[in-house]
Every structure is written in structure tokens, then in C-alpha cells.
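What follows is a pair of complexes built around chain A, which joins chain B in one and chain C in the other.
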Partner chain A sequence: MPTIYLGIDVGSVSTNIVALDEQGNVLSSVYLRTRGQPIRAIQEGLRQLVATIGTDISVAGVGTTGSGRSLAAVMVGADVIKNEITAHAVAASYAVPGVQTVLEIGGQDSKIIILRQGIVTDFAMNTVCAAGTGSFLDQQAARLGIPIEEFGRRALESRSPVRIAGRCAVFAESDMIHKQQQGHPLEDIIAGLCEALVRNYLNNVGKGKEILPPVVFQGGVAANAGMRQAFNRALGTEVIVPEHYGVMGALGAALLAREIRPKASAFRGFELTGREFRSGGFECQGCANHCEVVELREGRQVLARWGDRCGKWSNAVAV
Partner chain B sequence: MKVTFPHMGHLWLVLKAALEGIGLEVVVPPPCTRRTLELGVRHAPESACLPLKVNLGNFLEAKELGADTIVMAGGVGPCRIGYYAQVQREILRDIGCDYEMVVFEPPDVHFSEVWDKVKYLNRRPWQEGVRGVILAWQKACAVDSLEQELQQLRPREAKPGQADAVFQRALRELDAAGGRGEIKKIVKKAKSEMAKIPRHTSGPVLRVGIVGEIYTVLEPMVNLNIERRLGVLGVEVVRGLFLSRWINDNLFKGLLPLPGHHPEKTAPPFLNHFVGGHGWESVGDTVTFARHGCDGVIQLAPLTCMPEIVAHSVMPAVQEARGIPVMTIYLDEQTGEAGLQTRLEAFVDMLRWHKGRKAAQSF
Partner chain C sequence: MKNKKWRLGVPRALFYYYYGPWWETFFQALGAEVVVSPPTSKEIMDLGVSLAVAEACLPVKVYYGHAAWLAGQVDALFVPRLVSVEKKSFICPKLMGLPDMLRAALKPCPPIIDTTVNLARQPEEGLAAAVQGMARALGVKGSRVDLAMAAAEARYHAWLAGQQQGDSMAAADCREEEPASGVYRSSSSQGKESRDALQIGVIGHGYLIYDQYLGMDIPGKVKRLGGKVILPENLTTLQVEKACRRLPKRLYWTLGRKIMGAALYLMEQENVAGLIHLTAFGCGPDSLVGDLAERYARRRGKPFLLLTLDEHTGEAGLNTRLEAFMDMLYRRRSA
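Then we have the complex of A and B:
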């Protein structure tokens, strides 16, 4: 029975699962929309994974990452729980040894990671501004009536991109509408938007960072040819988009699980796709903080609680 | 007269002792919570920094407990907190919250004024008042010595939270303590209890220095309990800012033989001037922490804090010259816990890598 390592990345927009073999090759990867229902996304993702690789495998280790990493860890039984910055760095330096800069743009956040000699030396992450992230591009593609898959390609057709204010998603959108009303062709507007978003990213997330090649561009937005071209132009170097650019977080988590090689994995088995999990929440009235406590239940049993500041609830069930 | 004051970490314990020492009835505002912040944010100008908002919340919550007089620190810039007392007075008046405000300006600038205010507040013979102030000072030193013990223990305890429980109990006991002997006994007891807490043996502990604006450094509600979070991640926190040191530097003008801040010696050539607040100290302390072998430094500041922005812009130079990673975190009412936690975890992973260990082995 072949041995595999699972990496699960539960993000705000997508949930990705990667299965690695003993040698670190990607056997299968699944990309799903989270749609605000991480439990269902994880179950569906595992189901799809099993459909491609079969159940005749033994899971030797599981790593979770992303903003839903704690939930995923409890539900699936993880051996390593990692923040997404570390997971992305690990995956990037695995895919492109010697990488010095990682640009990552996902659904709702973007980050930059600086590595030197294979070690992370600096990083930054946006949280306040969503301009330039996948969600915003999705929204604009929908507004312009272009499938997101074609959005980037249209940008490449542009001969003179218009200048669009990219500092803030709201301003960018109103500026785009303004340029449309003036009669600029769509491809010039799309290309202009890509350039504005790249400018915004480099000025905010990338501020003060020394961006040296090789530069890896990953995350869902790396699929966008317009964004790739805008980065190439702005940086004066060709960005490298790794094969598994969309699931790098999950790949990193799987690599970390493979690296620690647990003696016995905490994995709870693929049967969990059929079990009933429920998450619920309540507001603790113990003090004026009114923490929103979240709990994950399997059937009647509480698997974990988190979200409280004092530890009154979360200490009751160890995470 | 029922006196209250803004919260700043464990300052309440010290101020309460001092004000009661001069014969005043003291109303300690309820501990800072989300409600405090919400109350403050509702009435404060949005662009003001976090201390103004939380303090305002403290005053409103203390009012509910019957306080009628506020004792507040002033200042003479360039940090904005110097005029926050005046702004807060206006806001409180506008919303019909009736308070008398006694503002203490820095003693080196307005010594006679400070003296007049102490005379105005004092209700007891001078000898007793002095005794109260000494008691308060002893409490400050006791809190600081226990907190340093706590910072050491957090990353090493087998089950997170045990050391904090001892510390919190000691704080309550210290609050009730009436004399030096009692304080000594409480400290001794708490330290021996801490010494008995079982420790884990997995992996070396990292040391991270915390620098930045004093309020965000000292108030756990505002910094989302950053020291506890780091402790759970296996990091021993060290910092240059402590209550006793701050009181000595600012109120006693460094008269007591304690290790003080000497940014004029440590911060150059990176920053050669006072820039307001604790900006100069942030740079100086980072240099000191690098020399003492810390693995990294975290700079904390309220969003839009000018002195810390100046310090922040100097940090890359310090980072490069002294080889110490620095991460800056700005805090305001919008700061999300998840984002902070992710950054802390990634920063700690990075420091572990630097220590020559693989990230994964830390768990």
C-alpha cells in the first residue's frame, strides 16, 4: 500500500488539498471554493481526492494551513499545523530551489516572502486592503461580463493600458467605470487594472523589500496572464509560476508533514467525509469581552472550542 | 471626590495605592474589554490613536461606578498623547459626562504646577502621603519582578496558562497588601509557586525583545495579549519598558539607581534625536537587544503613531547593521486576531530557521 502525505489549506476563498508520495511528488491536488463552509469544503475535497487516488493508500502524515487551519486540524486529525506564510515559503523553495522572492496573491490576502540561502528573512502580508486580490479581480471580471479565465488573456491584447488608481478597491472600481465611460477599449482597461494592482501590491505589501530574482509568483491570481505580464514589466524580470501555483499552501503543509514523518499519523481516516460535523458558536457572557466562542462538534461530541480570550472554553478541549 | 484614572497594563495597582495613600477614594475602571474599546471608539475621533479611545472608554466605565474626578497624564509633545487629556475633557463635556480633570504635566517642565496639583488632591498629613507613595513604588517593583519571572516561565511551562494563573492571583494579593513585609511575602510565595510549575523539555526557547509605544506594549487588551501568544509559541519575551522603570525615568527623573533607558547612547548612529513618545527608545532598545543576543525584535505601536513611524523607518538600517530581524505591528480597533497570530507564527518560524533548526521540528 503506497504511503502518502496530505496537505490541506483552508482559505477564505478556496480550500485546497494536495497528496504527496514518499518522494515528494504531487499525486493529486484538489481546488475547491470554500463558500463560507469550510467543513463541507474539506469533506468534499477529501472525497474528490479519494476518487482520483483510491482508498488503497496509507496516510503517513497530515499538515494543515490557511485561516481555517485549526478547524481543519481538529476535524481531520493533523500532525502539523502551520501558518500560511511558512507553508508558502516551504512550497516555493521546494518548487524553485534558490528562490529569493515569493509573491503570493490569493483570494483575500496577499503576501511577499523574502528568502536568502533557502531561509525566510522577511515577509509582509496585507490585511486591510483587498484591492489586487483574487476576490476583487473576480468581482471586476463579473462586472465586465468576462469569465475570470479569459480576463488575463484579454489584458495581453492591450496596446496602451490606461492608468487606473489602484490604491483602494473602491477607487479602482470607480476609476475603471470612468475610463469605460470615456470609451477606452476593454483590454486597455483590464491591462491598466492589472498594472494598477501590481503597483499597489509592490507599494504596500512589497514596500521596503529587496525583490531579487528568482521571483516566484503563486496563489490563484498567478493564473492571470495579465497580472503575470504586469509583474514582469514592473520588476524587469520574468516571474516564475510554479506548476502547482494554485495549491502551494497545501503543498507546503504536505511537505511539512512529510518532513516531520510522524511515527503514527493523527489522521482520522477518509471515513470522516461521511460523518456529520457541525460548527456552532455562542457569545460567552463571562465578562464584558463577550468573546465569540466557536465549537466544532461531531455528532454530540465537542471536538474543539476556540475564540475565547481567557481560555475558559478552549482549555476545556485541547487543540 | 472619587478619583479614577486610565488603565495601562498593571498601572492601576500602583496608582490606586498612591492615590489611596494620599487619602483619596479611588474608583479603578473595570478591566479593559471589548466594551471599553467600543465605548471609546463610539465617542472618539476616528483618526486619534488607540490610547485616546481606550482611555475614554475607561472613563465612561468608571463613571458608571461613580467616579467624578480623573487623574490623567499630560505631556508636551511631539507625541499626541500630551493633549489627549484636553481632547477627552471636551468629548466628555459634549456627551454630558460630568468629570473634573486633574492633568499632570511632566514634572521637569512644570514642577510647581505638579506640586500644586498634589497639594490640591492630598487629604492627609504629608508623612502619610509619602508613605503611600513609597508603598505604591514597592508594589510597582513587585509587579515588575513577578512579570519578568512570568515572561521567563511562559515558553517553558508544560501546560500553558499555569504561570499566568499564579501571576494573576499575586496581583490581587498585591492590590490588597498594606505594607512592605506583606509585599515581600506575596512575591516570595508567588515565585516559589512558579518554580514548582512543571516544565517541558522540547526544544530551545527563543528570545524576542518587545519595543515600541508604551501603551501598546504594556496593555495586554490592546496588544491582543501578544506576550502570552508568544509564550505559547515558545518565545521568551524581554522588554525594556516596565512600570517601575517608567516611573523612575519619568516621575523621579532617574533618581533611583535602576537600569534606565539611555537612547542617547544606544540609538546613534541610527537615530540621533528624541522624536517623541518612545521612538528613540525603540531604536535604542533594538540595538541593545541585538547586543544581548535576542533572536528578534517586535515593535508595537498604535496605528498613526508618529514617533514609532519614525522609529519604524529607521529599523531596516538597524536590522541590517546588527543582524536582528524586526517586525513592526500597528494596532487599532480594526486589528484582527487571526492576522496577528499568523504574523507571529511566521515570525517565530523564521527566527527558528535562523537558529539553524528546521521549522517543522518545532512542533
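Then we have the complex of A and C:
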């Protein structure tokens, strides 16, 4: 029975699962939209994974990452829970040894990670603004009536990209509408948007960072050829898009699980895809903080609670 | 109100975290009953956010909340007009206007003792005038004022000395360390690489760092991730001022200079692994000081993490950044 390591990345927009073999090769990967329902996405993702690799496997370790990493960890039974920065850095180093800069643009956040000699030396994430992330591109593609898959290809057809304000998604949109009214061709507007987003990313997230090659570009947005070209132009170097660019967080989590090689994995088994999980929340009235407590239940049993500042609820559950 | 015992409200926010012990001792010695608002909670923050002008920074909004919480249960509020607390240096203008802003926002508003504190030109005279003004507001004159001031100074200096020795700090407000919530405890106990304490400098305004709710208890979180925290108040004035002399120009914000000096001092220390700068979204002085500190840190190769707080800040995003920063420092050290 082959041994595998699972990595699960539960993000705001997508939930990704990667299965690695003992040597670190990707056996299978699943990319799903979270659609605000992480529990369902995790169950569906595992179901799809089992459909491709079968159940005749033994899971030796599980790592979770992404903003839903705690939920996923409790539900699935994880051996490692890691933040997205570390997971992405580990995956990028694995895919492109010697990488010095990682550009990652996901659904609602973007980050830059600087590595030297394989060690993260600096990083930054977008702060209060989501302009330039995948969600915005999605929305603009829908507004222009172009499937997101074609968006990047159309940008490559542009001969003179128009200049669009990339500071803010709202202003970028009004700028684009204005340029459309003036009669600029669609591909020039799309290419202009890609350049604006790259400019915004480099000025905000990448502010003051020393971007040295090799540069890896990953995250769902790396699928967009227009964005890749805009980065190439802005940085004056060819960005590398790794094979599994869309699931790098999950890949990193799986690699971390493989790195620690747990004696006995905490994995709760693939049967969990059929179990009924429910999450619920309530506002604790115990003190003036009114913490919003979230709990995860399997059937009638409470698996975990979090969100309380004092630990009154979370500590009441034997995890 | 001469013969009545005053119930005097002191909001536990902003400069309370710098002068609270002084104020409390002084007013108590003058015979007032001092009521300090409870530590910031969601209720107090919500109250402040609903009352304050939208442009104010979050700490100012929280101050409104504390003042409003006290308003109905005290005879007067103590909201000093802090212009300057030392020679040739100033306090943020938003804080100078606090008494006026509160009078406009609180309905009904109790009397406000808004003694002006301005030591910018003549520190001794300025301080004497402020002290006399505070006492006069309570109807006290003469030698009782001198005695009260002596008591306040004594307690204040003892408290400062305690802070420098790393006395669990947390100023007048130091609750017992709370247990980490189940979920994050499990995540931080993961990956036990050589987790000897890393020394981390946490810099920023005291009213962010020491307010566990507003500041999201960053020092506590760093501790739980295995760090040993050094705060600006753990340093001596001399260390801070000396470090500041390296700047080409003198910073004239009192707190900005303190933060910058602490940052410069800490980034020169070999055993300090990294710096975390905690700042409030919309803070004018910090937008300059923070960037300056980051540039100096980069030049010296000292890891630097900027955390910006506002009222919408979710704990998850903050935890991710902190965990990643600590991970980075551990991996750097073991490399």
C-alpha cells in the first residue's frame, strides 16, 4: 500500500488539496472554489482526490494552511498547521531550488516572499486593500463578458496598453469604463489593467523589497498570461511559473508534513467525507468583549471551538 | 463642590498608559475618588467608534469610548490638553483637541477638567502651571498641592523604574496572562525546532502595545510563539536619546522619538532577532516614523514587521503575519 502525504490549503476563494508520494512527487491535486463553505469544499476535495488515486493508500501525514487552516486541521486531523507564507516559501524552494523571490497572488490576498540561500529573509502581505488580487480580475472579466481563462490571452494581443489607475479597484474600474467609452480596443484595456495591477502590487506589497532572480510567480493569478507578461516587463526578468502554481500552498503544507514524518498521523480517515459536519457561531455574553465564538460539530459532538479571547469555550473542548 | 468628595473619571486610554500612576496618585492625594474605566472591551470600542469623528485614529476612538463609559457615573472627567510634555517636543494635535472633541460628542457631557500641559518652552514653569491648574480645578491650593505632587512623582518614578527592569510592564493595566485559545495553542506548539526564546523588539505607541484589546495583545502573542519581548519602556531614556542622535534631524514628536530611538537602539543589538512595529491605521506621525524605522532596519539587515491595526482588523490575518515572522526568524537562526 503506497504511503502519501496530504496538504490542504483552505483559502478565501479556493480550497486546494495535494497528495505527495514518499519521494515528494505530486500524485494528484485538486483545486476547488471554497464559495464560503470550507467544510463542504474540504469534503468534496477529498472525495475528488480519492476518485483519482483510490483508497488503497495510507496517509502518513497531513498539513494544513490558508486562512481556514485551523478548521481544516480539526476536521481532517492534521499533523502540521502552518501559515501561508511558510507553506508557499517551502513549495517555491522545492519547485525552483535557489529561488530568491516569490510573487504570490491569490483570490483575496497577495504576498511577496524574499529568500536567500533557501531561507525566508523578508516578506510582506497586502494590507487593507485587495486591489489587484484574483477576485478583482474575476469581476472585471465578468463585467467585460470575457471568460477569465481567455482574459490573459486577450491581453497578449494588445499592441499599446492604455494607462489605468491601479491604486484602487474602484477607481481602476471607473478608469476602464472611461477608456472603453473613448473607444480603446478591449485588448489594450485588458493589457493596461494587467500592467496597473502589477504596478500596484510592486508599489504596495513589494515596496522596498530587493527583487532578485530567479523570480517565481505562483497563486491562481499566475495562470493569467497577461499578468505574467506585465511582470516580465516591469521586472526586466522572466518570471518562472511552476507546474503546480495554483496549489503551491497545499504543496507546501504536504512537504512540511513529509518533513516532520509523524510516527502516527492524526489523519481521521477518508470516511470523513461522508460524515456530517456543521459549524455554528454564537456571541458569548460572559463579559463586555462579546466574543464571536465559532464551533465545529460532527453530529452531536463538538470537535472544537475558537474565537474566544479568554479560552472559556475553546478550553472546554478536549481536542 | 468644595466640601464634597469628587468622583473623578480617568479614561484608561491614550496617555493613561504613560502617566496613569501619576494622575491617580495626585488626585487621590488631593482627596478625590479616582474612577478609572475598565480595560478596553468590544463594548467600549463600539461605543467610541459610534461617537467619534470618522477621521480619528482608532486609539482616539477608543478614548471616546472610555470617556463615554465614565460620563454617566462621575462628577467630572479628567481630559488634560496635552500640548507638550518636554522641551521642544510635541504631542499629536489630535490629542490636544480631545477636550473640545469630547464636549461636542458626549451628550450629556459631565464637566471636563482640561488643564493645559505645555512644557515646550519652559519645562519647569509649564509643569508648575499644569499642576496648579489641575489642583485648582478641584478647589485645592497651597501646600497640599506640593505634597500631592511629591507623592505622584514618587509613585511615577518607581513605576518607570519597574518598567525598565521589564516588570511585566503592562503599566497600570496588567491582567494575568490569559491562556491561548485552543486552536492557536495547537498551531504554535507545532514544529518544535530549537525554540529557545528569540528576543523580539515590539515598538509602537504605548496605548496600542499595552491595551490588550485594541492592540490585540501582540506582546502576549509573541510570547506564546516562543519569543522574549522587549518594549520601548524597558529601555532607559538615555539609551533612547543616544540612539536618536544618529538621526540627521531631531524628531519633534515625543512619542515618535521614543519609538524611533527604541527601534534604533534595538536594531543595533546582536541578540535582538527582529523588530515588530505596531501602528494604528491613519496615524500621521507613525506614517513617517514607521517608514524611517523600516529603512534603517533594512540597512542594518534586521528583520522588521509592520502591523497596522484598524477597527476591522481580524485576528486571523494578524496571527498569520506573526506566525510567519516568527517562523522566519527561527529558520534563519537554525540555518
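Quick note on the criterion: the second predicted complex is superposed on the first by the 316 of 319 C-alpha atoms of A that agree within 3 Å, B and C clash if a C-alpha of one lies under 4 Å from a C-alpha of the other, contacts with A are read in each partner's own complex, and residues count from 1 in each chain.
Here, a residue touches a chain if its C-beta (ideal position, glycine included) is under 8 Å from a C-beta of that chain, and two chains touch if they have at least 3 such contacts.
Keep in mind it's a predicted model, so treat the numbers as computed, not measured.
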Three-chain arrangement built on chain A, chain B and chain C clash or fit: clash
Touched partner set for A:117, first chain B, second chain C, both or neither: second
Touched partner set for A:81, first chain B, second chain C, both or neither: both
Touching partner for A:260 - first (chain B), second (chain C), both, neither: both
Broader residue contact with chain A after superposition on the shared chain, chain B or chain C: C
Which of chain B and chain C A:305 touches, first, second, both or neither: second
First, second, both or neither for A:314, with chain B first and chain C second: second
Shared chain A contacts, counted only where both chain B and chain C touch the same residue: 67, 80-86, 119-123, 125, 127-128, 208, 256, 260, 287-290, 309, 311, 315
Of all residues in chain A, those that touch chain C in their complex: 67, 69-70, 73-74, 80-86, 117-123, 125, 127-128, 208, 256, 260, 287-291, 304-311, 314-315, 317, 319
Chain B - residues contacting chain A, complex: 30-31, 33-36, 161, 225, 316, 325, 334, 336, 338-339, 341-343, 345-346, 349-350, 353-354, 358-361, 363
Residue ranges of chain C touching chain A (in the complex, touch as defined): 38, 41-44, 178-184, 186-187, 190-191, 213, 281, 294-295, 298, 303, 308, 310, 312, 316-317, 319-321, 323-325, 327-328, 331-332, 335
Residue numbers on chain A that touch chain B, as the complex places them: 67, 80-86, 90, 119-123, 125, 127-128, 208, 256, 259-260, 287-290, 309, 311, 315
